[in-house]
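See structure below.
Should a chain be cited, it is by its letter among A, B, C, D, E, F, G and H, assigned in written order, with residues numbered from 1 in that chain.
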Amino acid sequence: MQGNEACVEGALDAGVTFYAGYPITPSSEIAEDFAAKLPRVGGKFIQMEDEIASMAAVVGASLAGEKAVTATSGPGFSLKQEIIGFAGMIEAPCVVMNVQRAGPSTGLPTSPAQGDVMQARWGTHGDHPALVLCPSSVADAYLLSFQAVNWAERFRTPVILLLDETIGHLRERVILPRKDEMVIANRKQPQGSPESFQPYDILDEDLIPPLPPYGSGFRFHTTGLYHDETGFPSNRPEVTHRLLERLHQKIDKYKETLFLYETYGLRQANQLIISYGASARSAKAAWRIAREKGLLVGLLILKTIWPFPEEIVTQVGHDKNNIVVAEMNRGQLIGEVERVMDKRIPVRGAQRADGVLITPEQILAKLEGVN
Amino acid sequence: MQGNEACVEGALDAGVTFYAGYPITPSSEIAEDFAAKLPRVGGKFIQMEDEIASMAAVVGASLAGEKAVTATSGPGFSLKQEIIGFAGMIEAPCVVMNVQRAGPSTGLPTSPAQGDVMQARWGTHGDHPALVLCPSSVADAYLLSFQAVNWAERFRTPVILLLDETIGHLRERVILPRKDEMVIANRKQPQGSPESFQPYDILDEDLIPPLPPYGSGFRFHTTGLYHDETGFPSNRPEVTHRLLERLHQKIDKYKETLFLYETYGLRQANQLIISYGASARSAKAAWRIAREKGLLVGLLILKTIWPFPEEIVTQVGHDKNNIVVAEMNRGQLIGEVERVMDKRIPVRGAQRADGVLITPEQILAKLEGVN
Amino acid sequence: MARYEIRLSGAGGQGLILAGIILAEAVVKFTDKEVIQTQSYGPEARGGASKAEVIISDEEIDYPQVNKPDFLLALTQEAYNKYNRDLKEYGIMVVDERVDIAMRGGPTYVVPIQKLTQEKLGTRMVVNVVSLALFNKLHEVVESEKLKEVVLARVPKGTEELNEKALALGEELASNLNQYKIKTKEEEEEE
Amino acid sequence: MARYEIRLSGAGGQGLILAGIILAEAVVKFTDKEVIQTQSYGPEARGGASKAEVIISDEEIDYPQVNKPDFLLALTQEAYNKYNRDLKEYGIMVVDERVDIAMRGGPTYVVPIQKLTQEKLGTRMVVNVVSLALFNKLHEVVESEKLKEVVLARVPKGTEELNEKALALGEELASNLNQYKIKTKEEEEEE
Amino acid sequence: MPKKGNVYINENWCKGCEICATFCPKKILGLRGDGKMEVMDPENCIACNQCVLRCPDYAIKVEVIDNNE
Amino acid sequence: MPKKGNVYINENWCKGCEICATFCPKKILGLRGDGKMEVMDPENCIACNQCVLRCPDYAIKVEVIDNNE
Amino acid sequence: MELEKYFRIEKLPHIWCPGCGHGSVMMSIVKGIDKAGWDPTKVVVVSGIGCSSRAPGYMNFNTLHTVHGRPIAFATGIKLANPELKVIVITGDGDGAAIGGNHLIHACRRNIGINVVLFNNQIYGMTSGQYSPMTPQGSMATTSPYGNIEPPFDLCELTRSAGANFVARGTVYHLPKLDNYMEKAFAREGFSYVEAISQCPTYYGRRNKLRSPLEMLEWQKKNAVDIKKAQDMDPEELKGKIVTGIFAEKDEEEYTSKYDQLISSVQGGKK
Amino acid sequence: MELEKYFRIEKLPHIWCPGCGHGSVMMSIVKGIDKAGWDPTKVVVVSGIGCSSRAPGYMNFNTLHTVHGRPIAFATGIKLANPELKVIVITGDGDGAAIGGNHLIHACRRNIGINVVLFNNQIYGMTSGQYSPMTPQGSMATTSPYGNIEPPFDLCELTRSAGANFVARGTVYHLPKLDNYMEKAFAREGFSYVEAISQCPTYYGRRNKLRSPLEMLEWQKKNAVDIKKAQDMDPEELKGKIVTGIFAEKDEEEYTSKYDQLISSVQGGKK
């Protein structure tokens, strides 16, 4: 199975019934696969006139009660940003898959890169949270796609699945979990009557309001303006403050449960490689080689990159005397590592952004005691 | 003079002859003012069908030889991102003014915020540099607008002028510099013949290729794909690497000259306030009050926020024992301050993102010894 | 004059923002004081209450927002409701006679600005200039003639006469302001 | 089998990517080896050289890129030029007879794959399947019948017979491969 | 016998645009000093509903008076 | 006297799509085994230029043979 | 018709300026819904950003105030997701014709069952009076201080060419006709486009010598030409006029019903 | 005509697939430029992203390969900045009709002096065969594996309705006519739109039983109907046909010349 295909399978298994998108290399297989498979399960696929319309249609379908997905790559990801922000503001569950190619601009459409890592966090205007997952294998693509849909529904938020061309187009053996091991999450439904329903009234401690589908009898208003618990616009500072804080806290509160990662060989390690996505494959190879050479190196592969797993990184990294962050860009997530680590510990970047998969050798070269 | 108006004046004085835009609060006065003034100097104003088209038209006009500007606010800034990246990739000089309002999404269209600070750096996909200026007074608006146009031309890059609603709509007394004190920069022109011209051949040590206007006899090809010195696409890793590095280095090389800032009361200070844009006004008031109270507080007002003036911040901040970063968001530029400062020094955020101008009191509260 | 904060408020469309701008321009042009003018509208520049604020000071003005106005004008109930709260305890308040106000301590004037403007000038369009002149006269920020110069440069051609009359009416109201004064809390209590 | 890297290259449209996919699928289905398949096109998925790469290994495959292929197929000159460089010194190279190659050390076969495919099967469309069968037979990755099963599940309805013939042709070429072998550098030197 | 009507104006909603007054065939509506519409001559209303139809603020209701009573 | 022509095929540009061959009224063009177009019967070319017009790859040139020579 | 049934009474009065035509158009839509007899809980009203796009907030249905220019794309997602819903889009000449023009023509082409009502006040109201793609040539606006040189769209022609099943244009002055177009639009399957010429006294009128809402209504009255009459007039005569009436009434198959057929054929193993 | 004069010979052969129609359309444009007698240094060719949009790289003018869907907006900036330049836009049915549809109609409306040539191969070629807004109903594409249910645009109708001065549609099969439309388009002031039906054997042909470039050209021949003839045919008969010919030939004033007048009037203090 190909990485892109695995994303589709994971999403379908999580209950996705709606896809709207606009083709772009190297993500197009996701659209093509949904186009073939959705009608078979009674779901809907539509190719919209552009990426903006795709994102809008996905949010619309989400409000109509569907689990909805779109997929794209860099240029399309840039275009979707405005409405990703809208989805966050109105709390519409949805998943955006971005199969990264080398940018900026048209760049190298068929080459891998991890240049949209910071954009995935900060791409839309205004303060907003972000929930971003990075698979580094085809199996990950399946699992994290499933997880992304679940989290979108559970937290009522757009979730970004950030692949790269390498993982998107990779085929490898995947052993899928048994269906009955996969727990599907559905958005919360209101308990009371339509008359008393206030769409943004926070009754539960998870800070997440229920979301009934259009047509179910609950009529309410939704706007991208700051709004109070009735859903209508308000510019009272206490209301705007409360809303923005809640949008962040509903995720921050569960941060620890959101940090997905793998570690290898941490015991006794005095050096650490941190990586994610396709780079993590090379990082793992580098780690193996280093270990074979007798170096005490540990490896941390991040699957959740936003919210940045500060706690994990500091816990794993605080006692190291060299940290290498391997990524396919000119240094993006490394900024966060630097931010959270004590200056005493050198943080080195193993980076490459020329459209070629980073090599284990490059990463090895940044470790101490290699030569 | 209003802040928005000052931007127009600064741009016109720097030689701007082209504006394309799409109205949006709180930036519309910039468009309106250009619409009135450009035809008087033989320049062109066009209201395009949307922000994307506006950005495209600006880049087109730039290639045709004009100094070109657009202005917008959050939602439009999100939409412009794809083509801002294109402008960076092909090295088209242009200026994008973003008068920030409170986001995310439609947010509070008429309220001030500084929520697009990270987006201004990371908003478009792929690795790319950014040059971003933040005025904190109407006089600044004039001067930095002038500077933005100059730098766009000199460095062949999009420059972002990041205002906020407060500064955009503020009127205050401004004393403009004498015209003969203002030095206008123009993009470099090729020296050789059209036949031998290679549009991205780097002959000068500033790493910046010349850019002749369309119609001047120099015919060449331009693309948002990775390209070599002839301007034609190439996916050879050494070519792509070289281009991406140069795009960054042409700015990094002159970084020190790009850092604009003001400092107050640094001597003997043991605490430091860092701020920018409208927040810097409150920061200055807070600083005054603190000084009156006898606290040894210094103030650093950043005018250039990207590239992040790491050297300045560490130099000014390294010997302090409390740093307060005042901004109107949930903490954006503070991440950079944290990244560059030693963990020993506490970095505190004075923040607010509810649509209200941050108050001096809020900032004071984060200083030590205030009680 | 140390920092003096002025807030002119009413409904969107009454032209108070223009009044604020004119006031600030006059200060820049004819005094050596520092001045700042800001404005704010309702949720999206449409309808609702609107305010223009001006700060005048002998010193550099850092923080540009009006927090505790020394002077408040409120032409509508909505504007009053929204903007009266933070008026300084002994700040001056001028409201249109149709506005219901709560009892307070500082000098308070309830003036039939809109009605008189309509009656005397045949239109309520220039209620902003009337208000501006009233304020200026009261505080003598700039001389009448100078204010007139700035006003006339800013208003649409053909409305000069109307605006001159509006200036005159505003000054007249300022001169007779005491007749519109209402009792303060304390005065009330004294009775 | 330790890590074994295979690169199938030619012009876009020759179907080598499909060949790579089929090979990988066969490995997944009928062996317990690890396998990885990747591909790459020209600047924007149009024209130019294209390659499919497969890695087969007994162990977990971390780094998924082919860096030093053990086996290279090149059906066109452009593909050869672009992709031959990093072939292992003693890696196997199979090129179409129309490709001009440089002298080298490892086993090298110049096979009229395209010509024979055209001649024997009446179309060059299945040159990918011919190549695939050639490779499989040479390395005995999976049994012929099993490869056939995977191929037939992947090709368009109605082309089954043609593809069976292509598989047979490929195996035949593999069996006679030695007749296409050209002298290596060393052999040359020995003469 | 011509219809007759009682006209109710919702002062909270009326914005004084004078559209109703213009369209009223009997010209019985007029603006008050405070900018709200007022029924100046209630007797003459013929319950034609023009004002209701035309008011962009839904501020008018007309009750037809049952002449048979 | 009918025109005559010399046909030149640029083998570096020809992609073997066979469009020229189909449009050639004299049917004198044909694909070689290596997928490049070839002039099979040069004598019969009437220099009608159809092949030149039709080739999407600009791979054909036809030189009119001056019959008067 | 009881206001309470369809409006969120507690939100009134609406934010629109005195004499703004948008209130009249909103009422016309609501009357259309009433006539159509739709269950309010099955009606979704979607808008973009603009004065006009504030309408849904007052209407007691499922209401969605989206981002500028994209309501039709949101509506497409809603309708396709659940074709039983009645989906109305409220948009403006900026929202629907400037930034949103592409979504409009693509929805027409697909002929998806959405009813678009465009409040055409020939100006950007919300952002204080810049010209729009439907501002008449020569008009004054804040961004055309020397008079607008751009020709306006005839969106009725355009939506018809793009494939809409129903297209009509009315004015606030000719309200009863407008009510009639709404009724017809809502009754027809497939995509419908109704354009309502509305007045913006605050930003269009003031600058263009139409000093009151009444003068603007007068202008509508004077310049409206019925489409039947227009057919006999030459283009010169028609310049600056507003052609009103029904531009298209077709019965091409609706998009979501085609999609439903596709699903059954795929699931039935047919095809 | 010497190839060398207008082409970057060293860049040939172009990247297009064997039998792709784009090469023929590119040549038709170049012949048009030659006929128009334009100074190549004053010609700017702008494209978006797509196979078609790769054309400018081979053309020896000022050439600009922009981003997907926006070439007309870039071209608008170029033309307005310097009206002396001759600005040609090369776009595809995806680039120009899907993502770029809005810029196309707005440029028509402004009637700005840009010549748009749309290479209509009825598919997204570059991204390997997804359906486009101009893919015929029922066609197979990678994203319509069960047959496309969306009706295609008639962009000639649309651009005419939107205000273009010149509109025509030709096919690669009927090349001489296409050459003629280019010539006419380039000769006329104001906005022009020429649509060229091109063939994509690789992604459209293969999937839709048109097994070779030749079958695709045959298909063009068989389905093309001249616009004059089409006027007498009913819509049912015309379904699936390609109407070719000139759809509009007008002389409305061009945008940048109006702008220049505005400048002189402002500077002259008039108005």
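The rule is short, and it goes like this: a residue touches a chain if its C-beta (ideal position, glycine included) is under 8 Å from a C-beta of that chain, and two chains touch if they have at least 3 such contacts.
Here the structure is a predicted model, which is why all the values come from computation and not from measurement.
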Co-neighbours of chain G and chain F - touch as defined: H
Other chains in touch with both chain D and chain E: none
Inter-chain pair with the most contacting C-beta pairs: A-B
Interchain centroid distance [CA atoms averaged], chain C/chain F, Å: 87
CA centroid of chain D to CA centroid of chain H, Å: 41
Distance from the mean Cα position of chain B to that of chain A, given in whole angstrom: 29
Separation of chain D from chain G, taking each centre as the mean of its C-alpha atoms, in whole Å: 60
Two or more partner chains touched - positions in chain F: none
Set of chain A residues in contact with two or more other chains: 25, 39, 49-50, 52, 75, 82, 86, 105-106, 108-109, 111, 223-225, 233, 235
Multi-partner residues of chain G (at least 2 other chains): 16-17, 49, 65, 67, 98-99, 101-102, 106, 126-128, 133, 146, 259, 262, 266
Residue numbers on chain G that touch chain B, as the complex places them: 49, 65, 67-69, 98-99, 101, 124, 126-128, 130-131, 133, 142-146
Interfacial residue positions of chain C with respect to chain B in the complex: 21, 24-25, 28, 34-45, 61-65, 67
Chain H - residues contacting chain F, complex: 3, 7, 12-14, 16-24, 27, 172, 175-176, 201, 212-214, 217
Touching residues (chain side chain E, partner chain C) in the complex: 33-35
Chain D contact footprint on chain A (complex, rising order): 25, 108-111, 166, 169-173, 278, 281-282, 284-285, 288, 357, 359-360
